[in-house]
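Below you'll find the structures, each written out as structure tokens.
Next, two complexes with chain A in common: one pairs it with chain B, the other with chain C.
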Partner chain A sequence: MLGYGGQTESHDRTWGQNALFAAFAIGLAGLLAYQVNWELIGSLDFSVVWEYRLPLLKGLGTTLFLTAIAGVLGIFFGTILAILSQSPFAPLRWAVVAYVEVFRNTPLLVQLIWLHFALPAFTGINTTALESGILAITLQAGAYFTEIVRAGIEAVPKGQWEAAYALGLPDWTRWTRVILPPALRIMIPPLVNLIISFFKASAILSILQVSELMTVTNRISNVTFKPIELFTATAAIYFVLGYIMSQATLRIERVLQRSQR
Partner chain B sequence: MRFETHQLAQHYPLLFEGLRITLTICALSLAFGIVIGLVACFGKLRERGIAYRIAVIYIDFFRTIPEVVLIFWVYSCLPLMLSLRISAEASGVIALTLFASAYLAEIFRAGILAVPRGQIEAALALGVPSLHIWIRVILQPAIRRMMPALVSFLTELIKATSLLSAIGVAEMAYQASVLGSKTFAYVEFLSAIGVLYFIIIFPLSIYARRAERRLVSRTAN
Partner chain C sequence: MTEGRGKRGQTVVRCVEVTKRFGSFEALRKVSVEVRAGEVVCIIGPSGGGKSTFLRTLNGLESIEEGEIHVLDVRLPAGKREIERLRREVGMVFQSFNLFLHMSVRANLTLAPTTALGLSKAEANERAKRLLTRVGIEEQIDKYPGQLSGGQQQRVAIARALAMEPKIMLFDEPTSSLDPEMVNEVLDVIRGLAESGMTMLVVTHEMGFAREVADRVLFITDGQILVDAPPAEFFGRPTDERQAAFLSKIL
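Now for the complex of A and B:
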């Protein structure tokens, strides 16, 4: 009756709702099947994907490289900034907050084009598309990671801070031995989720023709006139890798939860 | 370098036209996304059966593939496969609807599952009519619980509309890059839209954060 849980529902009504849902799905599928250009679907030739496997794999390599950069540099800068955000010196805290809010509340695409076109105008340094891409994704990752690390740090009970101060532990020991280890446990699931979302976000860099998977797909499709095969294959690649990563995250979360009890 | 404000003064109406398109596309894909998201959410809440499987595959698929890939797929493959003409704006709305519905389905589900089971059982035991249970015991508290997630997803959706500039939808980011290449005043126009995006998104994320904190402190008490 209430649609979930199962126990309170009478069997007939469950069946009825399933039938309704199935009718909806079949109707939708029928409508689509009527519209679909079956001739074209029949003539699809996925061998083009295999033919261009090397450039596609290379593109995937760049995608994974960008993900790794965003993850490693993002966590590095994020941790430093999160520690700075606990500083007693207020302007420093404000600077961290300003950086985090600007990069979290504007689209990556705008940051990317801004860095690529505007930075040279200000500084005279010309960056290649790949460099601008790495810079943009690192800066945004840094902002998101700062938030996560900061939340992790602030979740550490106050008593542990006080104990560290009372024992007169030096700053370095306090951070590495008292504050960061318990914070890390809280941080791990959102950290891994964030890395997955930067795996997805790296496709945005295709706007600047950074040769990652999406750019390569676009180029091959422009040459071979086979967009359906190529874009579908690329979507499948992103899905399979992304799905594996998110399932792994779920498993990590479950293990962490269990070890906490 | 000089910041050429006169270029902004001259061309700002186009930026606001872009903003209007950005917000319209957002509103449309949010509205369609809520409808499809609700269907997918109820499918997944069934926990078994064919409806459940379809909903899970749908949600996982559209949550996992990058938005850019989805946008290009809808823009360049869907019209061919369906032998239909679909404008760039319409493909943008379709792509963002698919994206939004998958995320919204999960947000709705989390909200509904967060309603304490005991309250529903109490209402059932008291013989409250099932429509009434749905509205007062499940939906009202569930909506309150899902508001923070909903609003922070809205900020993601607004950011995602900027990606539609890649298929030539004349939204804000597109206008800024076209104006930039026409006048060579890239810095001015890109900074201007950066500020506009920030003005729209920042209050929403502040609200989401506050609502989240209020919710946590209320459930803690």
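Now for the complex of A and C:
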């Protein structure tokens, strides 16, 4: 679900493989056409989506809000933790590693439920579903962003660090003026990819009924008994926005490549 | 030829039995040497012999395991603040220039003076223009390093170091990554700096330059200074077997 896979598609299939693949695809399509319940498809009534457009849009708004929170707070914490991970003080580095590994290697769903139900039992602080959702998604985003920012920082050539040290630049100047600007340029494509991942992952927060797009879709379908229409529409909404963001990433990557001197 | 220049002042660098290790490898072995104000010291020797490591210990870019180094009024090893203060008085020029690639030439020259020395923007800017004129590329002030030739980049790097008005300059193979036709424009700048009385330590493979400009030549190999002699003597009458072997290979 999270992370960004490489492209494994091969570009040098032979003609024979292509033909075989085409035959297989046509066969599969035929089988599907035969199996599909056309009667059901004919009876679908998508007017329900239009009827409930306002709550759906509101749910989408919450989804985008959660994505933005995960992005902004995640990058903020991620940058701070990535800088701490370069500290010469070992316990600090271990703490960062522990945080990153715990939140990267447990499911968001588990984190969410744990933060919502177990954490209040320890601390006595009760959080609303939305607060728990924001907390979980921010913490996990922070862990992934830490790794991306750390990789970005470590990709800055050693010579830039040495020049900064040799000039006796103050720490703040070294980070903000010498190291982070080129690191950010390296980081932008994976950062945007990650934000798309969290845009999709926010649907998991529906388990706590946080009123984002998925929750809203669920509620409406419970009232209208039209789950197929509604979830199809919601899938389309996720796709359209996700696709727009992916295309934007490609654009950004191209611009960055061009501006590379 | 340059022995009697008579401009030597007090000792500004004093290394006492300095040992530097990378793991179990001894990069420097009990190195002791002194440099006086105004001296130009060229450091030559085979690759991997410890020349660059030696130079980099002088501004704390490499820590040392044993011995001590006195540079100006700082005694190394020292704390972070002391080292930072020392670095503001000791300029360094690298083989690969290490200009800040995302900044204009102007920003490269003004960053450290404004943030580390507290100069105003206007003062730093004036200084930048003056230094770029001195290294002969004042018209490139608003370009980015990627738009400049290697020789121009290295001259910017020298100007960047000089913008801190250092008392000592360290050059780590300043011409080694340059195309041959650009070597001289950089050596000319370094030569001019030497003539102005700057204390300099220059790791170099340019023997003609060392012979002409140096007050002393150090031959470093296997982490030790085997020879420390004026250039005429150094190139004319080798005293060490390895020095003779090295010279016969490159001259």
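Assume the second predicted complex is superposed on the first by the 238 of 261 C-alpha atoms of A that agree within 3 Å, B and C clash if a C-alpha of one lies under 4 Å from a C-alpha of the other, contacts with A are read in each partner's own complex, and residues count from 1 in each chain.
In the analysis below, contacts are C-beta pairs under 8 Å (C-beta built on N, C-alpha and C of every residue); 3 or more make two chains touch, one makes a residue touch a chain.
Fair warning: this is a prediction, and the values are worked out from it, not measured in the lab.
> Should A:P91 be classified as contacting the first partner (chain B), the second (chain C), both, or neither?
Neither partner.
> Kindly classify A:G42 by the partners it touches after superposition: chain B alone (first), chain C alone (second), both, or neither?
neither
> First (chain B), second (chain C), both or neither: which does A:V178 touch?
second
> For the overlaid complexes, name the partner, chain B or chain C, with more touching residues on chain A.
Ranking chain B and chain C by residues of chain A touched puts B first.
> Quick check for you: in the superposed arrangement, does A:E162 touch first (chain B), second (chain C), both or neither?
second
> What is the contact status of A:S221 with respect to chain B (first) and chain C (second): first, second, both, or neither?
first
> Return first, second, both or neither, reflecting whether A:P170 touches chain B, chain C, both chains, or no partner chain.
second
> Show which residues of chain A both chain B and chain C reach, each in its own complex.
The overlap between the chain B and chain C interfaces on chain A is empty, containing no residue.
> Mind pulling up the chain C residues that touch chain A in the complex?
59, 61, 84-88, 91-92, 94, 96-103, 111-112, 115-116, 144-147, 160-161, 164
> For a test of understanding, state which residues of chain A touch chain C in their complex under the given definition.
Of all residues in chain A, those touching chain C are 157, 159-160, 162-163, 165-170, 173, 177-178, 181-182, 185, 261.
> In the complex of these two chains, what residues of chain B are touching chain A?
Spelled out, the residues of chain B in touch with chain A are 1, 39, 42-43, 45-51, 54, 60-61, 64-70, 72-73, 76-77, 80-84, 112-113, 117, 120-121, 124, 130, 133-134, 138, 155, 158-160, 162-163, 165-166, 173, 176-177, 180, 186-187, 190-191, 193-194, 197-198, 201-202, 205.
> Across the complex, what residues on chain A touch chain B?
1-6, 8, 14, 17-18, 21-22, 24-25, 32, 35-37, 40-41, 101-102, 104-111, 113-114, 117-118, 121-122, 200-204, 206-207, 214, 218, 221, 227-228, 231-232, 234-235, 238-239, 242-243, 246
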